[in-house]
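Shared between the two complexes below is subunit A, which pairs with subunit B and subunit C, respectively.
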Partner chain A sequence: MSVPVVAAEGVSKWYGQVIGLNDITVDVQPGVTGLLGPNGAGKSTFLKLITGQLKPSQGTVRVLGEPIWGNPALYHRLGFCPDQDSFYERMTGQQWVTALVRLNGLSETDAVEAARRALDTVGLLDAADKKIGAYSKGMRQRVKLAQAVVHDPDVLVLDEPLAGMDPIARRKVIRLIKGWGREGKSVLVSSHILHEIESMTSTILLINNGRILAEGNIHQIRDLIDEHPHTVRIQADDPRRLAHAFIEHDGVRSLTFEKGAVVVETGKPDAFYGRLTQIAASGELGEVHEVSSPDDNLQAVFEYLVK
Partner chain B sequence: MSTPTSSSVPAATSEPVVAPAFLSSAWRIYDLSLGQMLWSRRTVFMVLVVGGPVVVALILRLLVTMDLVSGRGMVDDRPIIVDGPIIFGLMIWGFYLRLSVPLLGVFYGTALMADEVEDKTITYLFTRPVSRGAVLFGKYLAYLASTGLVVLPSVMLVFFLVVPLLGGDIGSNFPSLVTDLALLAVGLAVYGALFALIGAWFKRPLLIGLVFIFGWEPIMVVVPGYMKRVTVSYYLQGLVPHATPQEGLVSTILSILQANEVLPSAAVSVIGLGFILVIGLGLATWLVERREYVLEQ
Partner chain C sequence: MTPIHDQSYRRYAGVRQEPGAAWLVIAATGIRTVLTKKFFWLVLLAAWGQFFVRAVMFYLSANFSNLDLLAPSVETFRQFFEIQEIFVLFVTVYVGSGLIANDRRSNALQIYLSKPLTRAEYVAGKLGTLLFFLLLVTLAPALMLLFLEMMFSASLAFVGANLFLLPAITLYALVEVLLSGFTMLALSSLSTSARYTAMLYAGVVLFTAAVFGIVNGITNSSSLAWLSFRANLDQIGDVIFRLQPRFESPWLLSVVVVALLIGLSVFVLERRVRGVEVVT
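Up next, the complex of A and B:
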């Protein structure tokens, strides 16, 4: 077997008295791997350890065969898209991505060119000269992706990259991630939404309470989706018209309204997301701004798994 | 979303990429940070701090123009004449070296990394092929440039407002302005390095920094003994008499403040300040390289 992209051996991480990760041993192989777990499961801690931002309290983490902590040269081959929504708000997308890729050693000219290509890849070229502070949530997610891929890394680590995106952007980013996998990149992508991960890869690491519960090609997880209702919150121009369109959908079990949003409980998430994307793409029911999913869905599945 | 062309990751460059060296990395961090620092909320504070002396200078000029201040008086039954250059020398020491420079040092120096950590943007810098020490050093350079860009023009404004007053002459005093500007730059560099270290070391660096500049330094400088040697202002004082245009009165006032203690020579001052600068920055870099920054979720 080839050298694993990420090799964690006996890794624990604690913050004072709080255990973030508990004795994790796992090898991540090339290709797209989904890291699935509810909020607070330890996903972000794990990703911060394998991107060298945190040092393990115990155990070792190696990326592409080398220890990552205190090894900045490895970042030539590693791209990271963090979950936090933090930026230099006054910079434009182009300026920001250019400035970051310059830290990879590129000249100003090469950096500008690489940044433009990366922004084009994530579909932000039109907004490249807009200030990041004026970007929508979905655009901010995409500019984070652009800075992660701008230096053409072998390994991409993406922490909740689809959070807050509208359905169309979500579909395109999923397509990008799958494409990177096909081209031989290794992508480790985290989410608390089973459906999202499942749409990108069948190789999954299940994490909960700081432990890896299962890894590999988990078909059974797929079957669990239908057994547990899936909740989706959709922020849109006209939630009531959207709700009306959803009522006709046979998978929808309940609808509730929040300020500027409708919350849908569905037993058929695949079909529901497909319909939602169609509606968003047509624009006939107004603009869909943001789609999010609470982790209660996954929590139910995990409770079932650890029973 | 615009039209993404393909799912391919862009090729960054056709040439093999070499990890930037420490100084090159630091320079790129400087480039990235300077604008952020200049347009931060701290700049408003910085302008207020260095704007104070300008306002004082303007008021003084107004009073002199209206003949409300003569510049003549008596000290210990001796007549003294205070002219523009003397007032400028006192302002350099009192407003800038004892107040503005340490304050800017503490507010910016302790925040070099803290701001990025608080804003959670440090992740973007720490996941690039640059050493963490270079990140700190680059941000330190940005601090020097941004504070310098604000402090030095303020000093020049004060110089041109105050020095010509009460018979002072700009031309003959201009060389001392250059010396004063250099001294302020040294002060910013040394205080910045010291507070960068405190920022890298402690959890509440701002509080510690403020205690240092408003508690430790003023007390130690006037207390007899060797403890004054662990202050920055002691070494800065050693350079001030050489920088101010009217040694007589300024030195007299300084000697009163210093409880008749002997000032360090210029050479000792330069060595002392250089030591604090190098050790401060070196240790700060070493600490940042080893420290884990846990961002709040």
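Up next, the complex of A and C:
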């Protein structure tokens, strides 16, 4: 087995009386690894420990064989895409990525060139000179990815990179992440949606209540997921026409409407997401703006796992 | 269609800056951003107004013997700094209030600090931006005035007779801008609103001056001058320029207050400048 990209040994993190991570020992191997867990499970805490933004209360975190805490020189080899929006809305995508890559030590000229390449990689070159404030949710996620890869890191840490994206952008980003994995980068990507993680990798770390529940290639989770209904909220131009198309789908168990959105409960998430992507790509039922999935589905599975 | 992995990345083959130089990037970016604002150029022009007036006075005194009263003295340079105080306040508020607050509002710290940049470098970069402009309205014109005096009089007599003036100008300017800079950065790190930070800073300066003024009026004594942000600088300035201190409070106490304020600001910055805000 090769040297682990990330090695956490006996790592705990407390926020005062609240425990964020509880005595985690895990090795993350090269390649794409999914970090899967419901909201509040400790995913973001784990990723912030890996990127050296938090100091473990106990234990050690090593990245590429070196301790990450207090070792900014190692950040040259790391790319981090946080879950929160972190933008200056008045800057253009090009300006923002250029400014950030300069912190990696690139000269002004090289930084401009590197930023253009990174924006091209994530499919945002056409919008490079637009202000970030005018970007859609999917574009904002992609410009965050651009700043994470712009300095060509060996390890990419992506916190919920698909959150809120429309199906087309989601597909593009999944392809990008898989592509980076094929190029030899190690990617650690978090999500609370198994379907998303599965489309990128079969290597999964399951995390809940601050503990790693399981790691490796966990196909059994698939079966468990399928036993629980999966809820998807779709924000679109015409939710009622979308709903009409979904009714014909045999996996759909229920449909409810919210303002500008339809919430679908399905027993066959794979097939459903496939159909949704087709509909969004064709554009025949209007534009699909945002797809999100509450983590209740996964929570049910985790509750089952820890029984 | 090109496979996605072929569209991706080429390894950077250029020369990377040495670690520890990232603060320069932060400072340079900050300076450039401020310089794009036309209004700020007007402020700078106004801040240099006194320099131009004094330069003319120096010229006249050097060339017309009947205008000796315009000749420079140590007090001239001390007064120069006193008049510049208003611009120091304005530049500190205008440039400094958003330096960290805006980054906090847009969650930029989390991304900045995931780059090869230490928190100390980040603060140094922000401080560098503010100090650049503060020195531009204090140290730079004062030194240029001293230089002009030598040029216009074609003599080293004045400088020779006041050899302490060059280090005094430098030292006082540094004390003034470091106190203003650190205090403003600390306040900026406490908020996500540049406007609120600006009001807070102006409030600290004006409120402490008002408190001292009231106490001074009631007691007819300036022994509590150390209560005022500005009075401490005035007191230290008088000593640095070898003049009689204007207040009754010990000037060493003012030095201690200034050092404590800078120390407190560094402590606040250490606590507040973090990629991830930890609430316990």
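Please note the rule applied: the second predicted complex is superposed on the first by the 307 of 307 C-alpha atoms of A that agree within 3 Å, B and C clash if a C-alpha of one lies under 4 Å from a C-alpha of the other, contacts with A are read in each partner's own complex, and residues count from 1 in each chain.
By definition in this document, a residue touches a chain if its C-beta (ideal position, glycine included) is under 8 Å from a C-beta of that chain, and two chains touch if they have at least 3 such contacts.
The structure presented is a predicted model; accordingly, all values stated were derived computationally and were not measured.
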**Request:** Kindly say whether there is room for both subunit B and subunit C on subunit A in the superposition, answering fit or clash.
**Result:** clash
**Request:** Scan A:183 for contacts with subunit B and subunit C and give back first, second, both or neither.
**Result:** both
**Asked** Now for A:212: first (subunit B), second (subunit C), both, or neither, which partner does it touch?
**Response** neither
**Message:** Taking the superposition on A as described, I'd like to know which of subunit B and subunit C A:242 touches: first, second, both or neither.
**Reply:** neither
**Request:** Decide which partner touches more residues of subunit A, taking subunit B and subunit C as the two options.
**Result:** B
**Message:** For A:16 in the superposed arrangement: first (subunit B), second (subunit C), both or neither?
**Reply:** second
**Asked** After lining up the shared chain so the two structures overlap, which partner does A:197 touch, if you call subunit B first and subunit C second: first, second, both or neither?
**Response** neither
**Prompt:** When the two structures are overlaid on chain A, which partner does A:82 contact: first (subunit B), second (subunit C), both, or neither?
**Reply:** both
**Asked** So, A:100: does it touch subunit B (first), subunit C (second), both, or neither?
**Response** both
**Fill in**
Superposing both complexes on chain A puts subunit B into subunit C at one of 3-11, 57-65 or 75-83, namely 3-11
**Item:** Residues of subunit A contacting subunit B in one complex and subunit C in the other
**Value:** 15, 51-54, 72-73, 75-76, 78, 80, 82, 84, 86-88, 99-100, 102-106, 110, 114, 117-118, 120-121, 147, 149, 151-152, 175-176, 178-180, 182-183
**Message:** Please output the residues of subunit A touching subunit C within their complex, sorted ascending.
**Reply:** 15-17, 48, 51-54, 72-73, 75-76, 78, 80, 82, 84-89, 99-100, 102-107, 110, 114, 117-118, 120-121, 147, 149, 151-152, 175-176, 178-180, 182-183
**Message:** So in the complex, the part of subunit A that touches subunit B is made up of which residues?
**Reply:** 15, 44, 51-55, 70, 72-76, 78-80, 82, 84, 86-88, 90-91, 99-106, 110, 114, 117-118, 120-127, 138, 142, 147, 149-153, 156, 168-169, 172, 175-176, 178-180, 182-183, 185
**Asked** Can you list the residues on subunit C that touch subunit A in the complex?
**Response** 3-5, 7-12, 14-19, 21-22, 25-26, 29, 102, 106-108, 110-118, 274-276, 278-280
**Asked** Which residues, counting only subunit B, touch subunit A once they are in their complex?
**Response** 1-13, 15, 17-20, 24-25, 28-29, 31-32, 35-36, 39, 119-121, 123-132, 289, 292-295, 297
